[in-house]
Structures are given as C-alpha cells and as structure tokens.
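The following block contains the structure, expressed as structure tokens.
Each chain carries a letter (A, B, C, D, E and F) given by its place in the written order, and its residues are counted from 1.
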C-alpha cells in the first residue's frame, strides 16, 4: 500500500503515555530528533504500539509549517 | 517565542515549487530524510523562502500518525 | 502496514483535477457519498492516481468534526 | 448555513467514549463504514451528543489522504 | 445546525485569490485581525464567496497552537 | 523567528483544563471572541501556560474553513 502523505519518517518508539482517549507516542527518528505523535488510545491498543517498536511517523504535507529566523 | 507544537525539525530548503495559491517546499533534515511542506505562496513571498535557507519544519503532534508493519 | 488513522474508506476515483501544486481527487465510497481529497500534484504523479483506480480515503480521527441539527 | 468543508457524511452515533478533555465518537455512515471522530468533551457536553443521535461527520478536503495498493 | 468545532469567528470577506485548485480567502474579524483561510476553489465557486460577504471562519480546536514569549 | 502560519491572534489565557494527555486552553482575543486550543499536557507543562498569560493562538491557513448563511 502506498499513501499520498509525503512524509514517512522511520524510527523507534521511545515512550507511550496513554490517557482515557488519547495517547502521546515518542518516536526517535535520529540521534537528534524525536517526533511526538498524538493518536487515539484505540490505535495504540489495536496496533499494540509499545516501547522498542520499529514504526514510521506519517505526516501529510499540508500539516507542515516552515519557520525561519 | 516558544510554540506548543512539539515537532521542530531543523533543515535546509532544497527546492521551492510555487503555484498560484500554494507552494511545495522541500526541506532536507538529514542525509536520509526530506520533509515536504505545503504552505501558501503568500508565506513563501513574505518570508522570502528560497533554496539554501536554514529553516525549521514545524508540526503539531496531533497531525502525526503512526504506521507499523 | 497498519496505520493509526482510524478512518479508511474504500472507493473508486471518479475525477482528478490537477493544479500547479495541489490536486482535487473525487473518490466514490458508496452510491450516496463522494469524498473530496486535496493532495499534492506530486502524490498524484508518483502514485499515478487516475479515474477508475481502486483507492482508500484515509482520515485521522482528530480531523473529523461532528454536526447535529 | 453552508460550510466550505466538502465532506459531510450523514450517520448515527454508535458510541461515545469520554475522557477528561477529549472524546471518541463512533458514527455509522453505512452498513460497512464507521467513522471515528475525536472532538472535545466540551463539544460532546454542549451539543448533548449521545448514542442514537442523527449527526454528520464533517471533514475538510485538505485532511483526506489517498492510499493505493 | 450546530458543529463541534469550538472556534467560529464572524467577519467580512476582504479578498479572494483563486488558483486552479485552491483559493486564499481573507476574512476581517476585527479592526486588528484578518484571518486567512485556504479552501478549495470548488467551495468558493459553489458558495459564491466574494468580497464583502458576511461569513464565519471555523477552526477545530485541535488545529490551534499556542505561542508564548 | 517567523512562521509560515498566517494566523497569529494575540490574547490572554482565560482557563486551562488539563487531562492525562491533552489540555483545553481558552484564549480571549477580543471582547467577543474566545479561542479554544487543544494542545498536549506536555506543552502546557513545559511552557508553563496558566491563566493570565499573554499568548498567541496560531493557526495554519489550510485548517480554516468558511461558513456562510
């Protein structure tokens, strides 16, 4: 399956913090960058996402902003 | 200024492709990862975004999905 | 590959309208519902999306609103 | 009132799961498709959203991705 | 019709800039604040959005970030 | 630092409601408009966001819809 989202960043789950409805997932994509993904608790449960998993962070291009000093 | 968006990825603009309303900006954040940001032409013009600029890609955590094989 | 996005709606591409940077893709998911997806022209080109293709519309749950009369 | 969001899917609320800040709402839009919407608990309370309600799931076109096998 | 999106800002259309697929709409909501909305050209055409129209800018709460000095 | 997001609305924090993962922040931007931002609890903690703070609500233009009667 190929997806139109242009940003697919491979990494490893560093931490999963689960609430009643949402979960905060930390994904290490390089020695300097950790991505934070907020997804449903339901997805964490169904996909069995846990520390150490090899995953990808996926981001639609229209969701990315640019900042410049 | 600090922003609540948890994902700030530093990189260099590799390419800017401008349409009538939107623009597609490629930002190299590492040797293996290039981020695609779709922002307004208006922002590209006002910020003077061009190839070679040092910029950051900024992404709100609620916009990040997780994929697993 | 499994993705955390909870909404995966299978359908058939009815139309693709391409601009300089973005594209408007119409996906028929039932006899009464057509989904509009706005994605990059780049994705349309790389994935070869065209009328008649069997595709899925994918939507992160945090992007869905609810309206009630 | 007409809204610019192109995707308005009529359905029936199947389940509401409420947390401290967010809520997960399941909306059945056809015999085969259930939409998950994550909205604020505040909206669920103010609109009185509950199982059995006739509602619409509303999605901005720029939030829809396309996947193809 | 009531919508779950918490942010409904009333204003007047100041300008509409239309491209092949997308459109940039400027909405004046107060003497100091102008909102930029990027929506489909299709919505602008179907709703007949033009300068001087009384409209509302609608924003889902999960799309709002907070910045602090 | 300049950001591509076109909508920066200055205001004062009126209330912060914190859950396990997410937080609901109310920002008064004028006598008639209060913005609701849903951000991570992590951001509220790291930025020390509290009632009375002078902040800005930041919204990417692609996230703004338009409604018309």
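Quick notes on this structure:
Operating definition for what follows: a residue touches a chain if its C-beta (ideal position, glycine included) is under 8 Å from a C-beta of that chain, and two chains touch if they have at least 3 such contacts.
Being a predicted model, the structure only gives us computed values, none of them experimental.
Shared contacts of chain D and chain E, meaning chains that touch the two of them, come down to C, F. Equivalent interface to B-C within the set A-C, D-E or C-E: C-E (over half of contact pairs identical by residue number).
Here the CA centre of chain C is 17 Å from the CA centre of chain D. A straight line joining the Cα centres of chain B and chain E is 22 Å long. Counting partners per residue, chain D has 1-6, 19-22, 24, 36-40, 42-43, 47, 49, 58, 60-63, 65-69 as the residues that reach two or more other chains. Taken as a contact graph, the chains fit none of the simple arrangements: neither line, ring, star nor complete graph. Of all possible chain pairings, those that touch are A-B, A-C, A-D, A-F, B-C, B-E, B-F, C-D, C-E, D-E, D-F, E-F. By the touch criterion given at the top, residues 5-9, 24-25, 27, 29-30, 33, 35-39, 43, 47, 49, 53-69 of chain E touch chain F in their complex.
Residues 1-6, 37-40, 42-44, 47, 49, 58, 60-62 of chain E are the ones touching chain D in the complex. Remark: chain E residues 1-5, 19-22, 40, 42, 60, 62 touch chain C in the complex.
Residues 17-24, 36, 38, 62-63, 65-69 of chain B are the ones that touch chain C when the two sit in their complex.
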